[in-house]
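Pasting the structures here.
Two complexes follow with chain A in common, the first pairing it with chain B and the second with chain C.
Let's look at the complex of A and B:
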């Protein structure tokens, strides 16, 4: 029976799309509107451009070390031990990300949707789903993504079409009243919430180079376009003040849908889109951390690390999302600088070193050391 | 409900299921990494249950960024 150890370009596109939308769909509009005001929609397009530049940088880096994942590239570029240390630093970034995302999930569901349910219950239930996904592996997750994708697109279309009758074009005027600076600032700030670098861990799983690069770029572009559409609709329907002051403007946006008093209270649509893409994001992060631990310590298997890691996620979530004021303060003052270190600065420095090593010094590129790392364990291969 | 206690109990059960498979794997490295990670998780869960100061990764990130102002 034929065994598959890779994923298709389409599946990779869907994973990128899901990772890009993830939590951003709920929180991005308020942050962008706070800085760029009426020009929030332009800022979200700037954010898309920055994200695409990031992906081009990642692709350029991956081309220098074909067939290798992020962790292997880190070791190949900086040497064995510095590479392992850098991989651990990336794992710290990913674990803080997962903790914050889980905290956000509990806060949103308990605060807005199921107000009687403790956030811990929501987080535990969701983490169980992520554990199952991590046990099954990236290939199964990619197939689940394929099943989710048409529904996500359909629900997005319903959401966007149902909102169009309420559009008030005056809400985005005047355009660029304060110039480009706030727009660029807001664009840069929101571009660090998509974290598409995580997918460099799974990039080698797509066999054809051109298709995987196209899927990576198109997935990022499509996800960011959806985010831009949500930002634009938030401003056009809710107005700038409500978008800026809501914790979850996209949710408030979905609640305004009312077509002839027949189609109303359809915020469930937004919650479904969010939960499906959020599941992809958490699962991809979980799997990338497992791959990272496997690569750093040279392990034979990774599945036995799932439960202790999941427990750490929970503990970090409980201690990260203490309250909205704390998290908003961190997002405003720390997160952009901290994230851009991992998403932009380190990959750029790595790329420069890699170019010098590979192109100028003509050093041999190591053979894919762990064809290992990008291979799936037996339990994750599927017939 | 004390969620930390639930986490501690779940974590105590994890080696019961995982150790036999790890022993079969004949990889001391896998065993050491598993028990290392498990010990960190268990210690943190006990800390949560006991109400001790906890991992605040975002504060660590803030401290790191404050090292490089501007």
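Let's look at the complex of A and C:
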């Protein structure tokens, strides 16, 4: 990784945005509508708030160890060997994520768009693109993201505008029928699918501290806002019953576009948005894993790991994504707890340990000023 | 340098070879299904598909071999997809369902419940949700798909546009897409409707060109009011006036024509150009909901068969009042009819109660259909006459003055 060239704050914003939307845009509305019914849109705003809290936690953690990536922070907080072990656990999380993402891609494309194409072919072709981007590195990916971004925004605008004539405001009434509990529950459940922690690996690549933190927060906020808009539109156009019972509600939503019998059958818009952001998501994950392996095992180069990793992704995808029902069941029962362990609980525990460590060092400072000199700037930066 | 340009050339060549999709389907390998019909059969389902015959579309007088622009195939099966696949043994091409414009259910099947058909329609990736659903009144779906129609070469297109035209300009018929049907079907506080179609005239030669080779076509397909469903089962039909009322309450009326008795005897004809309705709910002292349908409409005068002096604003006021009275009484009476005949809330009153009084709705949720039959519904309309046409005084009055 060429650290000296770095990535700009705007590019980091785009990566965060892409990572947040990623696959979530296709599947989120169904789960949220299932629990929160008419209040799905409030739930998705709750999910945004939870996501932002997560990012604030990550930023606070990163401030304690400026210039270090997720894996380096893990080692710095818990010590060398436990840190490496924890990094491996995180890698396991990332790899299972990539597996389900690839599975989702295969099933969506082969189930809804090109039904006679086997999912494996779609997955392999997509993986080839991801391999190319992994070989080129994060800096090139960030630039690619910059190229994609205007298109994603334009297509999102077209999608949202084209859907407005079909809005039925009645569909979101009554508001808060069953109180806040289902809303919070649904919000919490959908907040674990954006996985913005992955970008902790690349956070140090943005030079200015202020602008990278702002980009991180704004990217998460913007991505989540788009998700909320899609959830709101799904409920307003399809109604909760259909949103909840669709395998890919956003796709069902895009299929309903019909303006004066002229502009219709434009679900390609949604597929394009999804493919572009999905590419960012899977490439970022790929690169973060390479970085992790390099950091754990102290490797000099990482490119020779790309092909074995890609093969591993395929195997995991084929074995985890058995069918849609199985995955939905796992998502509803297991994934939330599993995922929140990595997104919320571990970072929170790490942060507590880190704060204690830094404070203890501060107390030790007058006794042993020479030993802790290197830690000094970091402890000053702690919030 | 050489390797680079060679690489470029190879890439360009591969473009020509690699283009196309895995699951491509060429237009000349497809049979584009324009309409589907679903009937009951002893095996399960009898499915009929009206398929476009592209070679003949464009000349109704019979092409080179005299065949018609459409072909209707029929097959049976335990499920609808099975029947459709079995149909392939008679068709020369693969059936393509994405362009289905109307789907017709036979009455017998609709009475038994269309839920299982809906499951297939929504589960299939190829079908969309924006085509119209119809019930063939007193007949089978295949009979409807076996009529040659004037004007439109493809009968399915004729059906499709006649649904639109009659709904927009007459308002006595329904216009229900699959999407709307599912939404109403799955809700607790409302029941779905569908529009009906019917055959009219001498049906002996409906399927051949002879049907349209006379100035008055021997048989025609007619839009036939609204079919009332309870959940997914057809339970009855509404006549013209109740169908209109349903459309008024559901806010589906665009324009329609009507007439009232003029104040001095005679008849006044008017056209409704704009109608909007809202459902207001008030809670009475027994903690029961009472519904008021508020209707705001604009009307134009189209004809006057009387000696009414139209130069006075008072006569316009009087006409407006009479139209309002007619709306209030007739619609209330029609709603009453629906309430008495069917325990099915096709107006979506329950859903409105759910939206406005979610707490009260809880006590009704389980047994809404029974409560629907006894709730009080009234109509309060507000009509404004905007235009009286190109002349002022009615012809009868003009003649009298001379």
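Just so it is clear, the second predicted complex is superposed on the first by the 357 of 383 C-alpha atoms of A that agree within 3 Å, B and C clash if a C-alpha of one lies under 4 Å from a C-alpha of the other, contacts with A are read in each partner's own complex, and residues count from 1 in each chain.
Heads up, the rule we're going with is that a residue touches a chain if its C-beta (ideal position, glycine included) is under 8 Å from a C-beta of that chain, and two chains touch if they have at least 3 such contacts.
A quick note: this is a predicted structure, and the numbers were derived from the prediction, not measured.
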Using the superposition on chain A described above, determine whether A:276 touches chain B (first), chain C (second), both, or neither.
neither
Per the contact definition in the header, classify A:155: touching chain B only (first), chain C only (second), both, or neither.
neither
What is the contact status of A:239 with respect to chain B (first) and chain C (second): first, second, both, or neither?
second
Can A:116 be said to touch chain B (first), chain C (second), both, or neither?
second
Mind working out whether A:319 is in touch with chain B, chain C, both or neither, as first, second, both or neither?
first
Which partner, once the models are overlaid, touches more of chain A's residues, chain C or chain B?
B
Applying the document's definition of touch, where does A:299 land relative to chain B and chain C: first, second, both, or neither?
first
Now for A:255: first (chain B), second (chain C), both, or neither, which partner does it touch?
second
The intersection of the chain A residues contacting chain B with those contacting chain C is none
In the complex of these two chains, what residues of chain B are touching chain A?
1, 3, 7, 10-11, 14, 18, 21-22, 25, 27, 29-30, 33-34, 37-38, 40-42, 44-45, 48, 54-58, 61-62, 64-65, 68
Per the touch rule, the chain A residues reaching chain C in their complex are 111-117, 121, 170, 173-174, 177, 238-239, 241-242, 245, 252, 255-256, 258, 264-265
Chain A residues touching chain B - in the complex, by the definition given at the top:
92, 95-96, 99-100, 118, 120, 124, 293, 297-301, 304-305, 307-309, 311-312, 314-316, 318-320, 326-327, 330, 333-335, 337-338
Where on chain C is chain A touching in the complex?
21-23, 125-126, 128-130, 179, 182-183, 186-187, 351, 354-356, 358
